[in-house]
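Letters A, B, C and D name the chains as they come in the text, with residue numbers starting at 1 for each one.
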């Protein structure tokens, strides 16, 4: 059954990303997600980006469903179910958070809860998400086009930072290729890593197999996976499954 | 769904009545009943006659189902559902309990819980149920054939007792004609009364209408009824419904 | 907000007592009416008195009930008094009847009319009685004849109650379109085994499933039939809360029947559901429940 | 206590993963096998890749699930690798296929055999796909031809999965008796409307009901068919706890499939149910689960 929540505020974060605030009694953990249904349009998974009394979804416009969502305004309704899945596991280790694009939405509530330095990466400066959200800590910016901060890919900046500081764990969410690189770096340097993955989701509750990657269901076993699991995911960064369940290159 | 309980002891109370002791987690009130299923045989309603940790059904052999039950022994099983219905309401008034035949089974746990004098009635002395159960209080016996105690019907003894003592409430269970007379006495003398009625029961949960008397369902509105309800039951002591739902004389 | 007219009959609300639940005796039907039912359907009545099946005839499940009462009923000749008493409640009293032939149904329907019933409901759908109910109700030619036969012989409205235990739901619905309203659904054929006893619980073995667990089946049936027939549909199956009632209305029901919810929420369930419907409609700006009928139909 | 042989295939327990649940990819099936499944049935595979219906394709109810995935599948030509991977689990892998003609089924079944599937399950029963599943599966002559056609062309066992959405269950069961085993039931045709949205929840509107709420329907189906056909029956529908498994066995099932319970109790449900069955059997003095088969049949 869906719960209907009312949008109380819409904040435009970047030219392609908006945050929708609402109230709901559920008590999500950082890294968990909800299924959002826009009746007559689509249903899709969305991480929780604010977990307090006032909650938020931070949504990047990528296709028909998210485009429709971007048209919604204060007072409009969302049909939601969740929270679903396994979120991040908080650790005492010295942490680096690495978010790419809308991946910052997933990481943000975790960053709110624990210390650590932050890398915010995006294609270009306008797309840097939540650059003002994390006060009182080191926030590194990276853009592919160099329009702000480090010029280059997130993993390149991460490699640099790992020379400067002894991070013991990396929390990451973003484009799969970025995460793949970061996981490889973590493996080679022997540091810990947790990554929140994205896959096509139909059911969201662990029965349809559409979100699976090498036998792991992103919707219930993840979306956050730990290092020992990530190392076993041969398809990560290489293959995904399409709507028909075909294994296709990323 | 049925719970299966094991018979821990069988006590022969009278030539036609046995008590079956068992353990069960339910917490019945005096006057409530259970549906007992003997697989392959029958299912029928039975009042709870002991309500402590060790519970009891006290069963008179009247037909095929109860006859089969009388063959059961220690270690045999009963399938039960319940407790069902509304039990007796305990009052501060000076009470007289009047049980006829197996009707004492229904009254007994109430008598265990509150003060008052007791009338135990039966056709003959051997059938006087629970005559030793109520220590330290006045217990009057009555038999139709005069083989012990008062010779005559229970209601005749009740009329006599009401001249001796100022009872303010009568609790009764027994043959319907006896209860009808006692209710009439209570009405004419202006004293309170609660009676536990018996009707053919199919569902036990208030939907099949087989147990109804003048719009009252014995299984959920009763089996215990209060004076204001009893006075409205025109059929009490006169008509019942048969298995087909026909209204037939008692 | 809830009163309406169906087949010329005036109902104070669309929540009608379903056949077989607390409707054997006139006085019990009166009680149900006192608790807010907009109308009552009697137990299904046949030609002769029937004791029905031996106990157990009912089984409580976590999400509904399983029953095989076995069409126990006092027989039509003994039923006039019950109708007379029920009619004192001032709401429509619908006489449900079951038979196995056109003549049988006609006889019973005429008697119901004679007794003063406001409408007749033809039980073409009981899942657990040999030679009656759904055995009759899946014979498409026969149901058509029964409905037409009864229609010709009585002047009060005729409702046809059909079964969901078929792949031919829409065909059957069309076959009975001569009725003044269609009632769906009856219970779903089912059974339960007690594993400790190692035997079926119901003495009849098979029974009918009702309550919340069949709501998705009933809503589907109403939705499917609504688009294919012109006649009003009375939705039944698992209606327990106001939101269930609204779901059936949106699927296409014009009126509703409530059975198992009497067990789940007590006899006051009629006024409870009515209140919940009104509250929901007020909150959502609907002036009358009829605005909701068929709202969820996607064309 | 739980291992057995069916159609010459060795199963370590009778708890087989039902078609459509976590069985699109070989690696996921392996995971299910690791968690104790005695065998796995693949998702129903068709001739061409199919994306299935748009989201929402699933709806959570208090007592089960409603789904209309829409037979999404990668297509038989892309499926060899998945079977190969699943087979590493060391338990029987049954390839489920759906089609609309005899030739279609035969083609798919042969491919499954070629890929190494241990048996083929014919989906004659999906309630929500136009031109497939129960639309085929209620055509008694056609299902008979399909089963016979497939039987002739392959040498691995053939299972026929039939629909409960019919009044002709026993007739259909007899028509497919040429199969090596019968699987029943598939989901029950149903729908849900979200009243706040005023529209059906599933994008396909209609879907199939599964889980605890359909158990009494499935048990009834197995019980009814057991007395009429000679072939082993594989019971499915709402099996969630050991006691449900035993109920199906007592009704007449020889083996079992588990679907929705994976959602209710997690992927470890197979070993949980197996353990519950063993505990119950020990307590009640049964040495092997096959002693329970058909125990509740009353003749």
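Note that contacts are C-beta pairs under 8 Å (C-beta built on N, C-alpha and C of every residue); 3 or more make two chains touch, one makes a residue touch a chain.
Because the structure is predicted, anything quoted here is derived from the model rather than measured.
The remaining chains, considered with subunit C omitted and nothing else moved, group by touching as follows: A, D | B. Taking each chain's centre as the mean of its CA atoms, B is the chain most distant from subunit A. One finds 67 Å separating the Cα centroids of subunit A and subunit B. Rounded to whole angstrom, the centroid-to-centroid distance between subunit B and subunit C, based on C-alpha atoms, equals 36 Å. Separation between the centroids of subunit B and subunit D, computed from CA atoms only, is 51 Å.
The multi-chain contact residues of subunit C, meaning those touching 2 or more other chains, are 61-62, 198-199.
For subunit A, no residue reaches two or more other chains under the stated contact definition. Taken chain by chain, the contacts run in an open path, each chain touching the next and the two ends left apart.
Pairs of chains that satisfy the touch definition comprise A-D, B-C, C-D.
Only residues 20-25, 27-28, 30-31, 43, 49-52, 54-62, 65, 67, 69, 72-75, 78, 81, 194, 196-199, 201, 259-260, 262-263, 266-267 of subunit C touch subunit B when the two sit together in their complex.
The touching residues of subunit A, when paired with subunit D in their complex, are 1-2, 4, 35, 37, 39-40, 42-44, 77, 79, 81, 202-210, 212, 214-217, 220, 241-247. Residue ranges of subunit D in contact with subunit C, taken from their complex: 61-64, 66, 134, 138, 163, 165-168, 188-193, 195, 198-200, 205-206, 209, 212-214, 216-217, 219-220, 223-224, 243, 246-247, 250-251, 280, 295-296, 298.
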